[in-house]
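Shared between the two complexes below is subunit A, which has subunit B as its partner in the first and subunit C in the second.
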Partner chain A sequence: MIGQAKPDGYTPAPNLPQSGAWLRGLREAALVRFQAMGLPQRRDEYWRYTDPTRLTVAQAATVSGAGAGAGAGGVVSAAFDAAQALQLVFTDGVFDGAASSPDLALDGVEIDHLAEACAHDLHWARDIYGQLETNGQTPVARPLAAWNTAMAAQGVLIRVRAAVLRPIQIVYQGTDMQADLILHHCIRLEEGAQLTLLETGCSGARSNHVLEVDLGDRAQFHHLRLQGEDAVAARVTHIFAQLGCDSHMRSFTLSADGALIRNEAVIEMLGADASAHIAGAALGKGRVHHDDTIFVTHGAPNCESRQVFKKVLRDGAVGVFQGKILVRPVAQKTDGYQISQALLLDDDAQFLAKPELEIYADDVKCSHGSTTGALDETALFYLRSRGVGLVQAQALLVLAFLAEVLEEIEDRDLAALVQTQLEMWLDRQQTL
Partner chain B sequence: MLEIKNLHVKLEEEDKVILRGVDLKIGAGEVHAIMGPNGSGKSTTSYVLAGRDGYEVTDGTVLLDGEDLLAMEPEERAAAGVFLAFQYPVEIPGVGNMTFLRTALNAQRKARGEPEMSAGDFLKLVREKAKTLKIDADMLKRPVNVGFSGGEKKRNEILQMAILEPKLCILDETDSGLDVDAMKLVSEGVNALRDAGRSFLVITHYQRLLDHIKPDVVHIMAHGRIIKTGGPELALEVENNGYADLLAEVAG
Partner chain C sequence: MDLASIEAEPTEVRDGVDRETVETVQAMAGKYKYGWETEIEMEFAPKGVNEDIVRLISEKNGEPEWMLEWRLAAFRRWVQMSEPHWAMLNYPKIDYQDQYYYAKPKSMAEKPKSLDDVDPKLLATYAKLGIPLKEQMLLAGVEGADGADAPRKVAVDAVFDSVSLGTTFKDELRKAGVIFCSISEAVRDHPDLVRKYLGSVVPQSDNYFATLNSAVFSDGSFVYIPEGVRCPMELSTYFRINAENTGQFERTLIVADKGSYVSYLEGCTAPKRDTHQLHAAVVELVILEDAEVKYSTVQNWYPGDEEGRGGIYNFVTKRADCRGDRAKVMWTQVETGSAITWKYPSCILRGDDSQGEFYSIAIANNAQQADTGTKMVHLGKRTKSRIVSKGISAGRAQNTYRGLVSMHPKAKDSRNYTQCDSLLIGGNCGAHTVPYIEVKNNSSRVEHEATTSKVDDDQLFYCRSRGMSEEEAVALVVNGFCKEVLQALPMEFAMEAQALVAISLEGSVG
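Moving on to the complex of A and B:
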């Protein structure tokens, strides 16, 4: 396979995948960016809570035995079956047409594969591929995303011109637990277009995903992601999104267990009256490290943003939330909100939060908060005194804690499917 | 039904003794009232019966129908028929009142080896009981006790009691914070549950409640002990003279 990175990836001078004219320059420029930034270091401002060597050093990704940990609990790709999405399946990081929906046609939607489109001389994605990532490199460097832009040979390029009701689902699956996977997706919603994108599953020992999303005026993008089935892998994801006037983005991620997950979202509202809601629920037990690093920029007036993150942690699990709202001078009438909360089910779990506001406009409304707490003992006793067993009472309170973040999913049917995943996770915690 | 013998309780975390030898025996179908000054140990008695953490029983026994209540987890006590109507009902944001009621009822039935109640039967049961307590659909939909007024919270406690049909109902100052109408609703709710097989322990400061819920026996608690036991007239005596005379009598 062309240019698929080996597990000892992140070499300073790799061979770039073969590219047609539209892509070659973009990949070369990304490699130059990557080389200039170097790999992330623990001393970097946004890597203090998460050890980057677990993502960048090869031995961290080695796994004993094929399939180790895969599918053992955790969220499952079947979670969204009821949504009857059009499925694009990547097996061990490579598009798998046979496993995907037989007919990939959807009215108003163009779906290309990076693996094929890369050979062309021209492609609409040239204005997006690596471009949104480049914009997202300031003021905070994201070298692993630049590496992805340079090296990715797989991914989908989706252009939407209509309000599409049927969701598109990208499924990651595989059996090669040594694989080092790089995927890069670009999505362009034209003026007034609508799309729901689902992402489920994980594969490989190590993965690096980038999703670039360009929303035209009045476009609406819903994104739901379930990740973390595996107990051994290290994953980094980046979402780079730019929003036009009156466009709306909703992104929700459920991270259940897994080993190391770093999710970065870099969202910039460039047109007036846009809104971006980025939310996540994380459930971690044991040697689990979940990191959400969010950067929302208000670059136009009268935009609204929300960041809502809730983590349930126990048995040594670590949760990290780094969330920033940047309000540029033009962005008057900004409404920005950010909340991160952790429920620690025992004394071994840990939550590290770094909320930040940077505001250069004067007529804005911004608030942020972060809390860490244990289960409410009084509520627990109240439930038990009514006959509810300890484990069930704890599960009820955990679901109650997460209820607010599930509210962030606008489609109630999809929210119910996510709720089912949460309940299944709690059911598996026999000794909660 | 309930037999408390020489119950001594201290706080787990501190060397503070709260109950200093409580003796109390309630027969099936009886209604007992406990009155007493603030801080005398009434709520502690109710919490220890329900199994709350934080208290250490240093001496004494509690038997419910001959079984060692103190050895059971709170949920086991509930399944065995103990119900405490809290002095301060707890708010549980994010858990709907209906979900709470159904989960509790079915958990108890399961623990007793009975089948779960069907969704339809449950809905019918709740609607019927809620109606007599003037609990509207909105209160049933909201999270448990969240945004409820003091009176609504107390009525919600009685609703739970009516649905769970316990053997031993402990009411801790259920009358406090109730206006006359709410007091009537609550007492009617309690009286409707009176039964030859069901006993009540009613903790209160006021004769008012005992006018509605007629007790068979009245106990006065002070400094962690039952200092006097008598008939309903004892409650009237307290109402008229306060506790000072009784306390002096015991001290003297």
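Moving on to the complex of A and C:
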């Protein structure tokens, strides 16, 4: 561990944020967990393909260049404007009421800010905050998430009691090129509740986000995330979710460029008949490293899960996929599926994958697939013979390759918005 | 069966597809049939491993100084290493000092000049295992058959605990220029070849078990196929662990010179015992330009009883180095035995256009645990590899496929296809898949596919409705599941393997 005495660096005995009774113990426990695990290292099994140094050095490197979060190469935060979501804006990692939607009231939804809620003595989030993260620490340690639980002073706590149609959007923006940001969100969907959560943008020189999601029986949670930028920042995100009976989770992430992005998702299905689909598309050009590390646990019978990840890489970009389906002995009638595919547009790109199955029940149907290769020469030739220019033909085939992963977004309007972002990224490739 | 009666029986001959072997195998009940022990006086080195033991093994084998130094260097390295625990295997700590590292039948004190001089008890052991050690009878079997249908000859090197008993067909092989002998003989008679290639594929520092093997290996087989020679018969080594508390550490080195071809078979069994026994082998294949090696294994070490008592701990390092262009290697393995299997036969595809194939059936029943798979390292251009792995778990067993496919930046236009399927029989076992896929150039294509399922109820019901017993039905379905791999085996091995599949699964249903 690094002993640099900077408030937001990793220190052996940091000052935990001021917290009320419900939170203090949770933070202290998280710090103990973190100290026991230590920082991730390259020799750790789940970091063999991603060098964690930039996430673990005491001080984040200052980001220079175009504004973080919405650079020319990245994905713009305005992508979902058409969705008319209720917006919660974090500027440089701090909730920004002025930039957020003026009225944060939504029927059936309770929104609190961690910064305020932590002063209380009691809060509903005590059953979630750091708890799902703790459950997600076995069998694989995720020290950066424990550090987040201990140190996060900002974030939202959302409790939903009804089927909410208007999406909630969390926007990350900012101009501070040195900020080392830690955000921690908790979402609780009560029985039968529904929510669509959008996350867009990036900010700071480094960020560490944790999202804990607790789905009650028959709850439905849709999550859509766009991350991308020009800046040379390092990002790590964790999603910890637990699913009740017959609940339904859909999570989709689009990662475009960015220097280092590590997205971890730890999903556990605890109730029967639950379903979880985790999907992601990654577009990388240049010195880009995208890592999706997904751990889906079937802990109840008759659940269904899908992991669909597609990566388009060029000019030295590196894509990593580590996915696991764990089927516990009780989880009979499991249907698990996992696919990871990479399209390497030139010889410098790399794809490193570790798609795992760990199965302890016999009446299951589980499969995974992984493919890597270049664009199909024949298809390219066909398009060119029909008069389509090389770059356009490539773009067309790339879009076709990504089409399957866009299918994972259930809301077709939102899927169309994501598709627009993909097309814009490809367009920019032509002009660069 | 007592030994006297075995000796009285004439040594049975195994022709092409040996009816006798097949019948013996079929006649076997659900129990491990090779679990008997040969009562024979053994000479042991003192228990445990240290430099003196390493020296003793070297001295017993009459090795030159360089070989001893090589062993000692490995031993000194091993002492510094720690046992790896990344595999999905659970076993109590192994006490490396609580076993014998060298055991030799007393009657072998003087190396027999020919197989005729070998202790009849030992010959009877192999006869009982169905392994022919008499060339004449096998040759006699050829008579009356015309050339095309002549049964295939198999030359055998029989390794009993720490020593090689003898090698058949030496003369005939010598005429073809093929060297096939025990590694201890090779160290004495062909030091230049051994020195050049030993440890060049699996270096001393490779891994904990390979390093231990480098220090204490007692015997094993050596094969050299000269340039342009197609080995006139199949070669095989049969390993038998007999003595109690004895580890077996054999070392196999096969060198296929330019344009040569050899098919090599390996079989192994051990007696039933309540204590675990350690087996840590190293197999190195060196394949030069245009050469081809087929290496087939039927691993049937004692798997332990239903409760997991006893059984062999099998930690094996096998690797093929395709050094020349267009070199080709094919690994086929049927893993039915051992309490613990830790084995990853690998291919280094160094030469351009070289090819590696890996076909595997791993069956784990009762308390068995298997963590096995392969590594395909593509270094040369246009290299191809194919992996077909079938894992079957029953009882309380855990079966893991662990594999690596690595496409280096220079391995342009290479190709890999991987298929690994797992079958679960019963609700208390586990099947796991841990593939690593590393692609560092874009002209190569890599495809990986894996499925896990249970024995299909409809198929079982159909077989049952045709009058088959449940166990027969399961065996049939499982054999169908394994077909692709069984087809890759040489004929007589395939028959044996098919029967083995059924036996290994007995008691797993109902």
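Miscellaneous remarks
In the analysis below, the second predicted complex is superposed on the first by the 411 of 432 C-alpha atoms of A that agree within 3 Å, B and C clash if a C-alpha of one lies under 4 Å from a C-alpha of the other, contacts with A are read in each partner's own complex, and residues count from 1 in each chain.
Assume a residue touches a chain if its C-beta (ideal position, glycine included) is under 8 Å from a C-beta of that chain, and two chains touch if they have at least 3 such contacts.
The structure presented is a predicted model; accordingly, all values stated were derived computationally and were not measured.
Aligning the shared subunit A places subunit B and subunit C next to each other free of steric conflict.
Residue by residue along subunit A, subunit B and subunit C are tallied for touches, and C comes out ahead. By the touch criterion defined above, A:Asp363 lies against subunit C but remains apart from subunit B after alignment on the C-alpha atoms of chain A. In the overlay built on the shared chain, the residue A:Ala379 is in contact with subunit B alone; subunit C does not reach it. Look at A:Pro355: by the touch rule set out above, it reaches subunit C but stays clear of subunit B. Judged by the touch definition given at the top, the superposed model places A:Ala342 against subunit C, while subunit B stays out of reach.
Once the two complexes are overlaid on the shared chain, A:Gly389 sits against subunit B while remaining clear of subunit C. After overlaying the two complexes on the shared chain, residue contacts for A:Phe80 are found with neither subunit B nor subunit C. By the document's definition of touching, of the two partners only subunit B reaches A:Leu399; subunit C does not. After superposing both complexes on chain A, the closest C-alpha pair between subunit B and subunit C lies 13 Å apart. When the two complexes are laid over each other on chain A, subunit A has no residue in contact with both subunit B and subunit C.
Listed in rising order, the residues of subunit B touching subunit A in the complex are 50-53, 73-75, 77-79, 82-84, 86, 89-95, 99-100, 103-105, 107-108, 111, 143, 160, 164.
Subunit A meets subunit B in the complex at residues 376-379, 381-390, 392-393, 396-397, 399-401, 403-404. Against subunit C, the residues of subunit A that register as touching in their complex are 45, 49, 329, 332, 342, 344-347, 349-374. Residue ranges on subunit C touching subunit A, taken from their complex, read 86, 88, 407, 409, 412, 422, 424-454.
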